[in-house]
Amino acid sequence: MESFSVIEYISHNFTVIIDHLGTFAFAISGVRLAVNKQFDWFGAYVVGFITAIGGGTVRDLLLGVTPFWMLNASYLIVTAIALISFVFLRRIIERMNITIFLFDAIGLGLFTVVGIEKSLDANYPFWIAIIMGMITGSVGGVLRDIAINEIPLIFRREIYALACVAGGLVFTLCYYLGLSLPWTNGISATTVIVIRILANRFHVQLPTVK
Amino acid sequence: MESFSVIEYISHNFTVIIDHLGTFAFAISGVRLAVNKQFDWFGAYVVGFITAIGGGTVRDLLLGVTPFWMLNASYLIVTAIALISFVFLRRIIERMNITIFLFDAIGLGLFTVVGIEKSLDANYPFWIAIIMGMITGSVGGVLRDIAINEIPLIFRREIYALACVAGGLVFTLCYYLGLSLPWTNGISATTVIVIRILANRFHVQLPTVK
Amino acid sequence: MESFSVIEYISHNFTVIIDHLGTFAFAISGVRLAVNKQFDWFGAYVVGFITAIGGGTVRDLLLGVTPFWMLNASYLIVTAIALISFVFLRRIIERMNITIFLFDAIGLGLFTVVGIEKSLDANYPFWIAIIMGMITGSVGGVLRDIAINEIPLIFRREIYALACVAGGLVFTLCYYLGLSLPWTNGISATTVIVIRILANRFHVQLPTVK
């Protein structure tokens, strides 16, 4: 009985839950880079927050709705938890470089799905939803790179934003095949994450022009 | 009879037509710079798109309306055509450096007029419309320069944003003189383009302070 | 009788007045940096304007209201006055480096209060108002630094954005203590300005992580 309720709760709140998991993952990636640049703890917090909410904020401004983090203080709190976790577990996190990469890939997948769903909820067509999924997943990292004054590598490194587009196409396919929302969410987030991991593992890059 | 219909069609759809011509011109300029920076084809596409729609997007966010490219997939398609044209005609385009410059100047003039008209349609006064014309014309190039990590040269090179302001003043003048919309559009776009070409040809620059 | 009216006028228009004073202070700081980078006078004007209205514009986009400077041409005019003042008083201003710093600190304090008030007027809770106060005070300087291609130092130099947060907390406290609006405004703006001056004078910096 109880385990059923948990599953039910999760499937009803899937978007909210993955949104916060993605926030945690992206905030960690922002905090880590800021700390490595000798930012003070307040600066690290702000960069973590911008990384976590930047993509969704640009998406919400384009969709013409109130930015999601202004409706609920939980994103500020999750970022604070990410900062504290990083401070106390820094040695462990830094030693496991692969963990950081995984956090980033998971955040990318989760945010892409959140962006797609929110756009469809606002009655935009699928091609807009796919673009919004890509913006939700990628723009936070671009703003983070600008804030710490690094070159945004998004357009040159192994398949990144294109993984979000692939996830969006899979989402569209699942939708037309009539899959339930949790399955559609899960499959398309997994698509993004797997593509990102494989591209990084095997250094797959798109060809340059000519 | 037929040629009359064509003229009528053009005069009724002037804004839409010049908007797409400007999109093509700006997308080419973005794609070209991205390709020269070894961006992959997806990156080149995204930079071309940002260059083409960046100014109008900032304008629409400031005006509080849905960004124009979200209402119609044609801007995505025009950018794709620009990318393909560039790939196949690259040698010719690169050899004719003057062509690239002309594309940029034409895009500047066309976008300025589109920005002015859209602001007036939204019932803003002329001084806002002139600023919005300048934003529509200039901001895409600034975002392009940030995306490819170049210094935005807009404030230091030969008269650029100021050409948009001149076009806006000419538009205002034509309006109060009672000229028809196609004539007003044509004269003010031409003003921007001619000023830009002359400033570049004769290296006209504004004085620095002191 | 007359002096009473002046006080009454000031207390009724406090937000408008400090908004324009802050605009002047921030515009001067933008113009000065642009001139030192050999920008032409139009470029200096645009950078001054962006510095002055950038924070409030981002705030208004997030709050979903029309950017304040689009409702009233006075911000364009104040920026023009700042540019002219700078040109004619440049020697005096440059010699008094402390003056520039004071202008910046005063602008920071005034804009923080304006941002807080506007958010509360739009029925947002205090935690949003505090963030909007910080954005209003800090973002103009960040955009200025990006426009002149300098590294945004905001996250690394002596307490800056955090001074805005402190001012926001003091505002909240005054509000719950039932102080009148002019007093609340004055005390919290002063808090920001004093913290900023003391932090700069004694080189107070937050600790970095670890």
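Letters are used for the chains, namely A, B and C, taken in the order the chains are written, and counting of residues starts over at 1 for each.
To be clear about the criterion, a residue touches a chain if its C-beta (ideal position, glycine included) is under 8 Å from a C-beta of that chain, and two chains touch if they have at least 3 such contacts.
Predicted model, so just to flag it, every value in this text is computed and none were measured.
Interchain contacts join each chain to each other chain, per the touch definition above.
Superposing the C-alpha atoms of chain A onto chain C requires a rotation of 120 degrees, rounded to the nearest 5. At the interface between chain B and chain C, two copies of one sequence, fewer than half of the residue numbers in use are shared by both copies. Between the Cα centres of chain B and chain C there is a gap of 33 Å. Residue positions of chain A touching 2 or more other chains, listed in rising order: 61, 146.
Put simply, chain A touches chain B in their complex at residues 61-62, 64, 124, 127-128, 146, 151-152, 154-156, 161-162, 205-210. Of all the residues in chain A, the ones that touch chain C in their complex are 34-35, 38-44, 46-47, 57, 61, 66-67, 70, 73, 76, 86-87, 90, 146-147, 149.
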